[in-house]
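There are two complexes below, and they share chain A, which is joined by chain B in the first and by chain C in the second.
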Partner chain A sequence: MTRLRRAVNNVDLQRFRFWFQLAAFALLVYGGYLAIDLGNSLPMFSCGYNQEGRAGVCYLLPLQHQLARPWPQLFGWAGIGVLTGFGLFLLWFIVLNKGWCGFMCPLGTLQDWLTGLRKRLGIRYSLYGEKSFNTLTWVKFVLLALMLLIPLAIGGGFLSHDWGAPFCQICPGRVVLPLFTGDPAQLTIDYSSVGTMVLTGLGMFIAGLFLAGAFIKKRFFCFFCPMSALHYLIAKPALLKLKKDGDKCTRCGNCFNVCDMEIRAIADDLERQDIMTDDCTLCLKCVAACPEPGALRVEFARINIFEATEEGFLKRMNKGAGRDGCKH
Partner chain B sequence: MTAANTESQPFNRSRQAREAEVMLDHLVDDFSDNPAAMAYFYDLFRRVYIQGERLDQPDAPQVGMTCIQAPEELIRAFGATPVRLCNGAYHYDQVGADFMPAKSCSLVKATLGRLHDQDNGVPRVGKLDLIVNPSTCDQKKKAGVMMEEMGYPVHDLEFPNVKESEAARVYWQRSVRDFAVRLGKLTGKRLTRKRLNDAMALTRRAQAAFRAIHNLRRKGPSVVLGKDIFLVTNAYFFDDLARWTEAAEALVAELRAREAAGFNAAQKKAPRILFTGSPPIFPNLKLPLLIEEAGGVVVADETCSANRMLYDMPVVDEWLVDHMVDSLADHYLKPCTCPIFTRNDDRRRRLLDLVRDFDADGVVYQAFSGCQVYEMEQRSVAKTLNEAGIPMLYIETDYSPDDMGQLSTRIEAFLESIKTRKRQRAGGQA
Partner chain C sequence: MNKAIRLAVWLAPLLLAGAALAADGDPAADAGASRPVAPGGPPPADASPEERRAYWQKRAAERAAATDPAAAAGADHVHHHGMVMPGPGRGGVPTDTAGHVGRAATSAPAAGQAARRGGGSRDAVLWLTDAPLKREGRPGGWSGAGSGRPGGDGHNHGGGASAAGPEQGPSKRVWLRAGGNPLSARPVMAEEAALLQVPSGAVSELPVEAHGGPYNVSFPTPEEGYYNVYLLRRALDQDALDVTVAKTEVTRSGMGHGLKRAEAMRLAAPRLDKRVPVEIVRERKEDEGLYTRLNYGDEIAFQVLRRGVPVQNARVTFSSGQGWSNTVQSDEDGRARFMVIRDYYPKEWRLFDKRHRETFLVSASFATPEAGAYLGGQYAETRYSATLSGAYYPGVADYESYSDGLMIGMAGLLFTGSGVWWYRRRRVRPFQEVRFDD
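Right, the complex of A and B next:
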């Protein structure tokens, strides 16, 4: 047991994540060809517009459709359907918490691949800075609110159905992911009405931003993701947890240094034990970068499954230096 | 023949060599169970400080550092050799008194005194092509100007006196990048990913060795005495890095064997002491020596001549030069617990953590007279430790050996009170 624990704590997280994400990507983007269907309440961007390849559907698509039902239906029996969908979503979510973002989400994985490309090109990423970060971090909550309110307004008869599934229309996943199964159908702007034109136009624009942003920021899009906001609101009962022991923290800032999401609290907050913040993707890079034994750790159902150790830190640093640093 | 040798008496007969010899003899001969692997370090100090031997001059520019905040990896990446100049000799303290006001820190005075003797200052590291002087405490800042007056080229490495804010972090990163530019001019070399990576790997290996020693001291029985570890980390100041690391690794291997054998280098119920405050630098190891001669054992420290210099390790996320330099900069700022910073929350937390992790029974706080920042932090540190129920002995001293008798009485009394406390506690529980 202790040997297994040691091996886990010494894991080359970068490599482990690469293969895990690759497998998840293949499953979610191409699993449909093998008739795999995980339902339509998945807590990440397994895009429903990837008609043939998808192995399940991102919960945001059915949610927006359901909420756009006429109010008498929505607040009547149909409400049960909405609640069941949400219940299923919750069950999926609870298992991995935001680990869905850091390990499963195809759009997240895609950004990590683009980051790899950026690194190869020798382009350095940039940071928002504390002030902009603190402002921009609210965008995802605003998007989440709009994503819920616009369909409700449609159901109430205040908006036309042209504004349906508004978030999907502007989500880069809709434009980009179907391309992986050779379907360029979403690469268009729908001129049939003002609503569809605005939304799909925005969608194209944001998809462009998504690709360009990946060369400027690590996980550029995740910072604005309403799914991430929704996750955070229901994260309390989740099984996978990122924990911090402030007493053991030297505030060396290594965790913040490697954080794809530029989260300062991971280094600076000494009080909070449940250290997963709204922007976190549970990629666990912070745990891997922490040289203080036990200062950061990952729990699953209160069982310690991965924690910061000196040995693990040194192993990963030496490996990283050999792998990425010595080629030139 | 060097200048010192042409004087009436050879160096090893000088007052200065005697000072080092007396201390080293105490450190070695007063204790019976010295690790065999310590022989390398004893010999090194004997050759350098007592024989006045010249260290082999590397075929590269030498960069003197007056503080642990200067990134040694960066200096090495440019092909230069870093040398730590902080000095512990009473002899140089007296020489340096000409430069500084009477009530200044012995360490700063001794460093100036050592530099004043341009050719033969001990350790004899040879010509310094640049001195990098981080703008930390007031005395070091002003000392930088005096070094310049002595004829040394000095680079003032601008260091913020707050470390929490983003502004401080960005300012310091720029400052480190400017230092890299200066090093480039000095060496005529370009900073590449490969060179920086190699330099960082060397330091990391040394840090790993230090951490291994550190970890071996966590729990009783004590496999090694603190006086030896201060010698090891002091050697890091001037020794060749690869050689130092090998010697430290040999010590680790021996200490591991000791641990496996249940060996105890200290007395059976020796009070376990955490050392903090002004840094012990050879030959001024009088406090660690007195503590361990009186039957205590220094199990850990929070000083910039040992733990603070070697414990924390930088991380690199993306191995691109710019990011690596910034990561290094972060590493030299963020975890630092130097008292020159505005707040000292991290220092107090670190002390509590060390007390817990190392099972320390008490803390000895050394403040060099004239080191205002350490003197001023005494109050808050004492309060924090007091609240946690940990006894602390505050000692204000300097490099002069005159107070050793009086200090030894105080230390004995402190250790005795700890033993009594422990006995009472054990009695209370029984």
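Right, the complex of A and C next:
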């Protein structure tokens, strides 16, 4: 048992994560060809517009459609369907918490690949200033609110159905992910109404912005992702947790340096034990880069499954772990 | 104090107007009052399903009488001249000596009958459709807001459940029309029971609802897939037997989310019933699933079958929703091909509806030297006519643009890229040597 724990703590997380993400990407983007169907309540961007290859559908798509039902239905019998969908989403989510973002989300993986490409090209990345960070971090909550309110306004008769699934229309996943199965159908502007024209135009612009942004800023889109905001709001009962022991932390800043999301609290906050913030993607790079034994650890159902150790840190350092945080 | 009085004087009318509006919009305020229903308006919101049905039946009868007194009179005529009613208790489907499913009639006009006698008049073509007659304005197309998808309940993620709630379950209704031009075809009355073939292939009889309005039947659609509805009619015309089959295919499908492509294609595959004497089958598009629409520019093929066997040289006419028609003869495989033309041109862009539904009608007729006896009369030939209706919609090419999409995407890419480049360039400070004077 001790040997197993030691092996896990010494794992080359970067390599493990790369293969895990690759497998998840293949499963969620091409799994449909193998008749895999994980339902339509998945807590990450397994895009429903990838009609051929998807192995499941991102929960935000059915949620927006359900909320756009006429109010008498939504607040009547159809509400049961909404609650059932949310219950399934919650069940999926509870298992991995925000690990869905760091390990499973195809759009997140794509951003990591773009980051890899940038590093190979030797182009430096960008960081937000602290003030910008603190302002922009609210964008995802605003998007989440709009994503819920616009469909509700449709159901109430205040907006046309052409504004349906508003977030999906502007999500870069809708444009980019179907391309991996050779489907370019989402690369269009829909002129059938003002609503669809605005949303699809915005969607294409944001897709361009996403590709350029993800190239120079690590996990560029995750910072604005309403799914990430939704995750944070319901993260309390999740089984996978990121824990910090402030007494063991020396504030060396390694964790902040490797964090793709530039979360300062991971280094600065010595009080909170449950250190996962709204921007965190639970990529666990911080744990891998921490040299202080037990300062950062990952728990699953209160069982310690991965923690920072000196040996693991040195082993990973010798293999180059954390280099991306320092050089590029 | 003066200010307060002036404010009160200003606010009083506003408050009174608000109170009046609130009273108008308050359903509770109306609850005790009688609810006069405006002509053409919906039934009361709190009406029971039975009351709603009675209301709509009454409205349908009034409409039929008002818009087409001749049809109403004709229907009465048919009724009074002895349409042979179904078997005991409207139960089983009458079967002739050859075991063919059929319905006896002595005086009802058949689809092909008038066409021959009248030298090509298509007024008497009978067909079934799931598109209700448009009550106001142009009678051709339909906005797809609620009924755009054939069989779909709008954009429905609830698995096709009806708007009335899960307890009622999804259902469909089809109407009978007469006339070869979908634009001007009129609802007609009839009393024959329709035959329903559900996706599993089972066939049952659908009794026409007993009311005085235009012919329509409704049926539950619990399964995903195509439901074929047939109306069969036989009539002796001097020395010929006229056999008419009106058919429509309706689907109950959501948007296809959750339905795998192979499954959707399997469910969308055409089915036929060899017991039906004559039938038109629409061949499916490549990769057509339940949620695939027919669009402008599509070439669609129809096969004319007599008891499952292709019929060569049948006269097949395709009529678009706006009345354009084309007639060809079926080839050796019984096939006739048509291009779905674009016939939807709204006056302004903002009026364009991508879910705009038009109904097409395909009719086929041919005669065979089959002789025999029917209801005591002899005939020397048999004249078959069949109809099939369906829906088509604008194609994505009518309202989507790849070039504009790519242009805007590139603009986003260049905007971000050049913005970052410019920002970084601005922050580069030229080297300046700093000397300290000790």
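Just so we're on the same page, the second predicted complex is superposed on the first by the 320 of 328 C-alpha atoms of A that agree within 3 Å, B and C clash if a C-alpha of one lies under 4 Å from a C-alpha of the other, contacts with A are read in each partner's own complex, and residues count from 1 in each chain.
Note that in this section contacts are C-beta pairs under 8 Å (C-beta built on N, C-alpha and C of every residue); 3 or more make two chains touch, one makes a residue touch a chain.
Quick caveat, the model's predicted, so the values are computed rather than measured.
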item: Room on chain A for both chain B and chain C (clash or fit); value: fit
item: Superposition-derived comparison: chain B or chain C, residues of chain A touched; value: C
item: Which superposed partner A:A78 touches (first chain B, second chain C, both, neither); value: second
item: Which superposed partner A:W19 touches (first chain B, second chain C, both, neither); value: neither
item: First, second, both or neither for A:H65, with chain B first and chain C second; value: second
item: After superposition on chain A, the shortest CA separation from chain B to chain C (Å); value: 9
item: Interfacial residue positions of chain B with respect to chain A in the complex; value: 164, 166, 192-194, 197, 200-201, 204, 208, 211, 215, 312-320, 322-323, 327, 330-331, 334-335, 346, 349-350, 352-353, 356
item: Chain C to chain A touching residues, read off their complex; value: 145, 154-155, 157-158, 163, 165-167, 256-258, 260-261, 349-350, 352-354, 394, 396, 399-402, 404-406, 408-417, 420, 424
item: Chain B contact footprint on chain A (complex, rising order); value: 119, 122, 124-125, 129-130, 247-248, 250-254, 257-258, 267-268, 270, 285, 289, 291, 310, 313-314, 317-318, 320-321, 324-326, 328
item: Residues of chain A touching chain C in the complex; value: 32, 35, 37, 40, 48, 51-52, 57, 61-62, 65-66, 68-70, 73, 76-78, 81, 126, 161, 164, 175, 184-185, 187-194, 200-201, 204-213, 215-216
